[in-house]
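A quick write-up on the structure given underneath.
By letter and in written order, the chains are A, B, C, D, E and F; residue numbering begins at 1 in each of them.
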Amino acid sequence: MKLTIQVNEGPYQHQSSDSAYYFAKAALDKGHEIFRIFFYHDGVNNGTRLTTPPQDDRNIVARWSELAQAHDIDMVLCVAAAQRRGIVDDGEAERNGKDATNIAPGFRISGLGQLVEGAIQSDRLVVFGD
Amino acid sequence: MKLTIQVNEGPYQHQSSDSAYYFAKAALDKGHEIFRIFFYHDGVNNGTRLTTPPQDDRNIVARWSELAQAHDIDMVLCVAAAQRRGIVDDGEAERNGKDATNIAPGFRISGLGQLVEGAIQSDRLVVFGD
Amino acid sequence: MSGDTKKFLFINRKAPYGTIYAWESLEVVLIGAAFEQDVSLAFMDDGVYELAKGQDTTGIGMKNFSPTYSALGDYEITRIYVEKESLEERGLTLDDLQHLVWEDEDDDWAERDSIRLVSRAELGTVMAEQDVLFNF
Amino acid sequence: MSGDTKKFLFINRKAPYGTIYAWESLEVVLIGAAFEQDVSLAFMDDGVYELAKGQDTTGIGMKNFSPTYSALGDYEITRIYVEKESLEERGLTLDDLQHLVWEDEDDDWAERDSIRLVSRAELGTVMAEQDVLFNF
Amino acid sequence: MSMLHLVNKSPYENGNLNRASSVMNDGDALLLIEDAVYGAVKAGKASAMLDGCTVSVLGPDLAARGISEDKLADGVNVVDYAGFVELVEANDKVQSWL
Amino acid sequence: MSMLHLVNKSPYENGNLNRASSVMNDGDALLLIEDAVYGAVKAGKASAMLDGCTVSVLGPDLAARGISEDKLADGVNVVDYAGFVELVEANDKVQSWL
């Protein structure tokens, strides 16, 4: 089964991001393919490398980055949502005159078409949110 | 009347931040004093200078920064919440080994004691959230 | 439509302005239209409020995105399902909603209503017939 | 207590883990204890779930913060109101919750129950008597 | 000591308005903002929850949602943000039902 | 075409579980995750919403909240994340009631 997963909420405030992560991991463990993980709305906040969670808590962002790297998963932050929330890569920094970037490894910023394409190309779309 | 205002949600996803802003402005217009605005939970995301909202939309972060400057308001981002969400000033960047900062002008990062002190020192605590 | 076309239903269940979901959902719909899929929209629960007439956001400083719904016909979105029970519970009728239309090119561009008032049971059938459900 | 002491009530209405409010509320309570105010806690609606016994978060990878509630007595928090109607609706009794105690220094450190089971009406009275309500 | 009860969620999706209106004491006030303003529409089922309460509703939030004042339940008072501040001042404390 | 209905909010605060259970077609499945698992507790009022539905509940979310399996309503099936994936595969599409 080929999956696209959509994540609508940021890290820590809601469990959505945790649920999506464990679901993605279980799908990979069972041999399914994750076509794309699309972060929309506040979900784009999963893609900042500037978090420093408490020592005794999970590191949600690092966990996503490692999953992407280990399984070569395409993790996309919606560009319009990222602009509203302040998630920036080099290209966005240059286009919008920002003096810093904060995107985490393994994430890329792209358009909403990536979500629609994910839904077309995949057998299932699974949405996690508030 | 002396007020402390607490904001629990980030910009754009929920109206909470907008409501808090218009409430704060109206209180100032009526001659009340705002002792502090305390941003907690996802509310700390109001304090990133990296947002680029659409041209035809309000700029929530800039609006807060201007309000703080115009009225000399103490705007505090909770440090524990900011660390979880990745809002960083120079001190936090150094302490936590981050290679960038994203805090916006007019905000400072401090502890939860600032909220409790606000509640003690103010005539009213007004909380805006989801 | 080709065999590769999927039936997409965008399900709108949130009120506008209190949260951004309604607006950012609409952004997906407009982008999605370019992919030439078989797209419908459903409005149920508080989502029916998105279509309310006369929205004026001046006082809350937010962008009024409700005029965009009237452009959906131009994006060849011709089926907009509105759940009857959701309207009734909220004391609304179709008259409280925008009048959304599309132009039928097979009939000399005659204007046709986009909104289809359906019962909860009928909407359940519509949902069951889809390939993909987008939830907002 | 001095005349400057305020009566603080921390109102907990959210279930743990699904959202972070319960946990981050507890962090304020612990910090607030250092300010020597007159602090009480109230658990109502889904907030009563925060006190449930036997929480084991291993499978969801989150920190189990429920043991912290048993430390509240050490922070001199001796009044924890739990709403009866909220428990009943959810099929819970006090036996499903942690047994929270504090030690009474005026009575040779005798252990006393911190939890006070109150009706909705009684909790309304408690709320009315406060100076500041913290909402989570 | 009087309390201002603040509700911001739609009563059709969430129990907070019902909760707030059921615990209000005499002298307390209720203010509906954001999506909670739908609760003040007379023709809607939820307006029954307001019976017996002193209710205000935030005008800018009503207008944004296309609700004209003649649609409101009887006795509901429309205020602007300045009126919101006055309600906070007039009551001894605020309870935000989040 | 069968549907997996996914609910993640407590039925005591929010109407989504009620909504999902009222529109399920024959052959559809319901999975409760996150705070929605409280809806599967037999002694709770909300469990009545599950009557006649094929219901699964996510075990890790139950354990986190201190709910032992003997407290569940009759017929509720406990699954782990692998079982969640199997439910997604076994149904033609997923409806997340957010």
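Throughout what follows, a residue touches a chain if its C-beta (ideal position, glycine included) is under 8 Å from a C-beta of that chain, and two chains touch if they have at least 3 such contacts.
The structure presented is a predicted model; accordingly, all values stated were derived computationally and were not measured.
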Checklist line | Graph separation of chain B and chain F (steps between touching chains) | finding: 2
Check: Can you list every chain in contact with both chain C and chain F?
Finding: A, E
Check: What's the chain with its C-alpha centre farthest out from chain F?
Finding: B
Notebook entry, point to check: What is the chain whose Cα centroid lies farthest from the Cα centroid of chain C?
Noted result: D
Check: chain A-chain B contact: same residues or different, taking over half shared as same?
Finding: same
Check: How big is the gap, in whole Å, between where the Cα atoms of chain B centre and where those of chain D centre?
Finding: 27
Next item on the list: Please work out the Cα centroid separation of chain A and chain E, and write it as a whole number of Å.
Entry: 38
Note to self: Centroid of chain B to centroid of chain E, CA atoms only: how many Å?
What the structure shows: 25
Next item on the list: Scan chain F for residues touching two or more other chains and write them down.
Entry: 8, 12-13, 15, 34-35, 60, 80, 93-94, 96, 98
Item checked: Multi-partner residues of chain C (at least 2 other chains) -> 17-21, 45, 60, 62, 132-133, 135
Check: Can you list the residues of chain B that touch 2 or more other chains?
Finding: 8, 12-13, 15, 22, 41, 54, 57, 80, 125, 127, 129-130
Check: Which of the chains are touching one another, listed as pairs?
Finding: A-B, A-C, A-D, A-F, B-C, B-D, B-E, C-E, C-F, D-E, D-F, E-F
Next item on the list: Sort out for me which residues of chain B touch chain C in the complex.
Entry: 12-15, 18, 22, 54, 56-58
Note to self: For the complex, give me every residue of chain E touching chain C.
What the structure shows: 8-10, 12-13, 34-35, 38, 41-45, 47, 59-61, 63-68, 80
Notebook entry, point to check: Residues of chain D touching chain B in their complex?
Noted result: 4, 6, 8, 20-21, 24, 27-28, 31-32, 34-35, 37, 132-135
Check: Which residues of chain A touch chain F in the complex?
Finding: 1, 3, 8, 15-16, 19, 22-23, 25-27, 29-30, 32, 124-130
Check: Where on chain E does chain B make contact in their complex?
Finding: 6, 8, 33-35, 60, 80-82, 84-86, 88-89, 93-94, 96, 98
